[in-house]
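Both of the next two complexes hold chain A, though its partner changes from chain B to chain C.
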Partner chain A sequence: MSESDIGLWAVPIAMLGGAIRVSTPFIFVSLGECITERSGRINLGLEGTLVFGAMSGYAIAYETSSAWLGVLGAAFFGALFGLFHGWICKLPKVNDIAIGIALMLLGMGLAFFFGKPYIQPVAPDLPALSFGFWSDVPQVQAALQVNVLFILGLVLAVAIAWMFKSTKIGLTIRVVGDSSDAARALGISANKVRLFSTAAGGALAGVGGAYLSLYYPGSWNEGISSGQGLMAVALVIFARWNPINCIWAALLFGAAGALGPALQSVGVSSGYYLFYAAPYVLTLLLLIATSSTTRALNGAPGELSISK
Partner chain B sequence: MSSKFHTSRRSLIKGMAGLAGATALSSVVPGSAFAAGLTVGFLYVGPKDDFGYNQAHAEGAAAVKGIEGVTLVEEENVPETVDVQKSMESMINFDGAKLIFPTSFGYFDPHILEVAPKHEDVRFQHAGGLWSADKHPQNVGSYFGYIGMGQYLNGIAAGHATKSKKIGFVAAKPIPQVMLNINSFLLGARSVDPEITCQVIFTGEWSMAVKEAEATNALADQGVDVITCHVDGPKVVMETAAGRGAFVCGYHADQSPLAPDLYLTGAEWNWANVYTNMVQSVLAGGSIDNFVRGGLAEGFIKMSPLGPAVSDAARNQFEATKASIMKGGFAVINGPMKDNTGNVIAEAGQSFEETDVSLESMNYLVEGVIGSAS
Partner chain C sequence: MTDAAKTMAGPAPIKGSNSSVMEVWGHKAEAFLLPFGALLAGLAAFSVFLLFVGKSPVEFYSLVYKAGFGTAFSWNNTLSRTAPLLLAALCVAIPARLGLVVIGGEGAIVLGGVAAGAFGMFLPGLPGFMGIVGMFLCGALTGALWIGAVGAMRFKRGVNETISSLLMAYIAIALMNHLVEGPFRDPASLNKPSTAPLGETYRIGNIPGLDVHWGLAIGIIACIAMWVLIERTTWGFAARIVGGNIRAAQVQGLPVGLLMVGFCASAGAFAGIAGMMEVAAVHGTANGSLASGYGYAGILIAFLARHNMIAIIPVGILLAGFEASSGLIQRRMDLPDATILVLQGFVFVAILLSETLTGRFKLFQPHIGDRS
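What follows is the complex of A and B.
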């Protein structure tokens, strides 16, 4: 190996690499949740969908020897979970948050149950593109190994932002999310829109799960998610229901998560528990800094059960 | 609305009576079956096929299952909380378990210490806990293996393989056993070349896949070219390190299939042997010592076969050291030695043999380890 000594530069490079490597599941889950919440529903079950996506993606990739089929399969099962959530929430007097928590536990339980035989085998990984060819520093090259799904996530964020702003579908979702009464007056079925929005959100969360098991860290085990699905749901509020902001928030979380290991690797080793809390401290600080005493939850869809 | 789900008082009482009857029955039936054999309970903190800590214990449990007269009950993913107390109680009350192996370190205090006094006829065998006769109940025992010796041998293989003179360790939590492993890994490597340093990164959790991968990448970024770990499931560390082109040394179980070319060797548990002996001695009417320890010689631990990247010089030193460990009395910490903050931990001429109980409360990292425990 010919790694050169880069000293303290390791920290920013690791944070850059961490932002790219770790953020992708956050991007997909938060984009998915963004669509769901803009239609006026909260799906807290995405943690379960993420874990089930990780398991089903890994299992399908292993059985078919194709990582991309795994991603598609994960999206399919994610959509099923979303449809299930949307269908139950359609029934009268059902609370979407409670159903979300139930689906989270169901998704994880099912994933653990069906995932048992797939902990040991090694499935094919998703390919990565090397954007570090211009540098001869191996650490930079390693940090700039970018997975196709990350790029897809960026493109998707722009596409979703455009969809909300200037397409009929986007407008329909926003109307349903902001006022069911207005939607009904326009002849739009709020439940149908929410059903499909939740399904789309579930499918994206499934893809986020497939990234976890098929690229980074790149294997299926029961501790693979460690709460990332829940964090991503919180990110949506942090990003003020804006898909582009979801990207920044996800990158920030990825980078902050890489801070702890990177600092230890350059010798700043005391108090590492505090560094591991960095993403959460950062969230708190930013939320406090951007909060307002005059407006409540700027940008929140009107029909959301937390803003009603 | 409410009438739809209303349960009549009569059906409620009926249900409760049935439940109570079933409870009474199930605690009687296994009790009578016990005369013919022994029900052994195993509790794992994670999934039992994690390529690591829990798999090593589960392989031991599988060996016990084959013994005639033994009924095995297992539960995985039991958190180190009051949950483990409930699981143990249910194994005792419902399955009639008389010998229980709560295998995770954090199960001991306060959970085993809470449950054990209530069930004096049940034996609790805890992996790694510091049982002491004056403080803890007599029906609790602790057992562990001197796997630090395995990490010392890992270190020898690593010391020969490293070109950058930097080796790395992904560690979960700074508990004594982890510290001993880190120190042993470095000292093994330093027996090859005293210039070698070992970079350690603590993840703070026994199982946290993304953080383990980040830690491994951070080590590789620093030019570390041999990596080992002490986390519950080493699969992520092994695959990530091998993906970065670093050599790997295994831990807990054999991970060579994950990186066939870059796997040097690994320190593995051999619980099948240990558990079989314990269960057979109970079946024969004997007892288990409260304090059981063993190393390579006693068959508590074993080494993975050396990988293709191990040189002949490395192989010779590895085998010679292994042979002298097998003889017993081998010491990793030999004075004069300082820790990495400059405190003296061993005077000249002082050494701590593998069986020294003071090693089980190790709270320092030796000179040459880059990292800190807090």
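What follows is the complex of A and C.
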């Protein structure tokens, strides 16, 4: 066995590879939620959007034999979910958190409903790039098989950070997120900006879902998501609504998620389910450490209901 | 939080002293007719969905009636499923009166069931009702600790309870898998890791004359007791003040932290009891079947009932009927098992949409003109 050659080094290497693999959906969902929350609204329904994205991406990839069309389709349906959320929330007296819960359940229900015929068939995978050619160690090569979507996510994070900092669109979103009144004074329609921000967030969550079904784990089934959509919402809080921080946070979460499988690969199998809980425990601890009852969170958009 | 509190507490939780009888009845009629209309609208929207996928809504609803409410057998089936739903809905509705949106009841159900199963496994052979009482307390206490922690995190650190409770549900399911596969596993359970089967005296039987276990009675009593507590005692009044305006409550010197932790803990206790009932009355052992989504269906029931504990009972029975008909619908109409989930999603969205109509109908505000 080549695994014994590098001994316990297999664990950190597998975790690095796992972090890259597992973090990709976190990156997309958290960037999406970052845009939505910066506009002053929270979409808890991204878990449902993610699952529907996974299903629709897989189904479209299977029907068209093109994984990239699947990703586009997932983004399209994700945007529809986002538009729906944004449209309902602009009605008076409607609570965005409750709508998020409803859309979480509806998205999962619809995904399971339409996804039943696609559990068996095999759809094409998304391509990966090998960055491990310099090493002879198979584990290193396996760890550095990086999916194109991961790189796309990094580029997107930089682009979104730039958008917030130096473009008119970014400034508009930030104004709306910080104060509806200021936005109104500037003649900006807060509801319209939030509608499109939620749609963009939904589209990115859909792409995150398509990654799950089209690359890793790489098949569609009803247990495909294990709360990534929900954890991404917490992750954005931890990342202080900064797209670049979202990348680091996503990698951290990815590494936590990879802990269980990495230990299993070197033969540690007892307590497997406890390691499986690591990302949730980590999320919870980060929330406890970073929340506060007395002050608004640093960098929190002023209109966000979760931080009021 | 403030917006959430307003919608969660329902229409006019604390009425002014000069409100007339007409106004009170107007609000009451609105509080009933608006969710009822939303339910019908949700079912109508689901009919359109069925037509869209080429199925007959008439056939669907007649099957629901037949399998859920048509015969004595179907009533027994429906009522058996009602018990955990009522308790799960309480787990959402009780914190909601404080303005907290706790949606992780599934976690307390699962761990309450595991705790009860473990009690029965490690302390078998207790005399009389002692075993059942012990399991009951174990389930309730575990659930109370689990959701009580959510309330404590909210009060002490301001951690958003919606996210934390759902994260705790994922942790609870991982913990259950660990426990029933590891320390609590009965070596004889091969295909499906479980705790050891409960002894005969540890099982809960049926209500005499019905093919429904005692969990239904516990659920209904719990709903009524909580309604009395919240609508008719100073405790409940204090809770409604916290739900309406937390700062006003603090200024008044109300024990906000105690109320938050206490209400969350009692909510969790009911969910834990639901898990214990599933173990003691249905499965006879604790295993993965505990995570069957009752906690999530409870969220919808609580919102449909507008967090009114009495209204939870009929709404819970209705939703249980839909779940009871799921099998027949799958077989007769060749629909996937997720059909009921889609239906619940439609109704959920409709009920939340209806909130926007609160106060829009003149009919329910007979004196609105006099005030100006």
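Observations, loosely collected:
Just so it is clear, the second predicted complex is superposed on the first by the 274 of 308 C-alpha atoms of A that agree within 3 Å, B and C clash if a C-alpha of one lies under 4 Å from a C-alpha of the other, contacts with A are read in each partner's own complex, and residues count from 1 in each chain.
Keep this in mind: a contact is a pair of C-beta atoms (placed from the backbone, for glycine too) under 8 Å apart; a residue touches a chain by one contact, two chains touch by 3 or more.
Just so you know, these numbers come straight off a predicted model, no measurement behind them.
Within the superposed three-chain model, A:Val94 lies in touch with chain C and out of touch with chain B [touch as defined at top].
Within the superposed three-chain model, A:Ile169 lies out of touch with both chain B and chain C [touch as defined at top]. Look at A:Ala14: by the touch rule set out above, it reaches chain B but stays clear of chain C. In the superposed model, A:Ser291 makes contact with chain C only, not with chain B. Applying the stated contact rule after C-alpha superposition, one finds that A:Lys116 touches each of chain B and chain C.
Across the superposed pair, chain B and chain C both touch chain A at residues 112, 116, 222, 226, 270-273, 276.
If you check the complex, the residues on chain A that touch chain C are 44, 88, 91-99, 101-103, 105-113, 116, 222, 226-227, 230-231, 233-234, 270-274, 276-277, 280-281, 283-284, 287-288, 291-294, 305-306, 308. Contact residues of chain A toward chain B in the complex are 1, 3-6, 10, 13-14, 17-18, 21-22, 112, 116, 119-120, 122, 139, 142-143, 212, 216-219, 221-224, 226, 228, 257-258, 260-262, 264-267, 269-273, 276. Residue ranges on chain B touching chain A, taken from their complex, read 46-47, 49-51, 77, 163-164, 199-205, 207-215, 217-223, 225, 233, 235-236, 239-240, 243-246, 257-258, 370-372, 374. Within the complex formed with chain A, the residues of chain C that make contact are 1-4, 6-8, 101, 103, 153, 155-160, 162-164, 166-168, 170-171, 174-175, 177-178, 181-182, 296, 299-300, 303, 336-339, 341-346, 348-349, 352-353, 355-356, 358.
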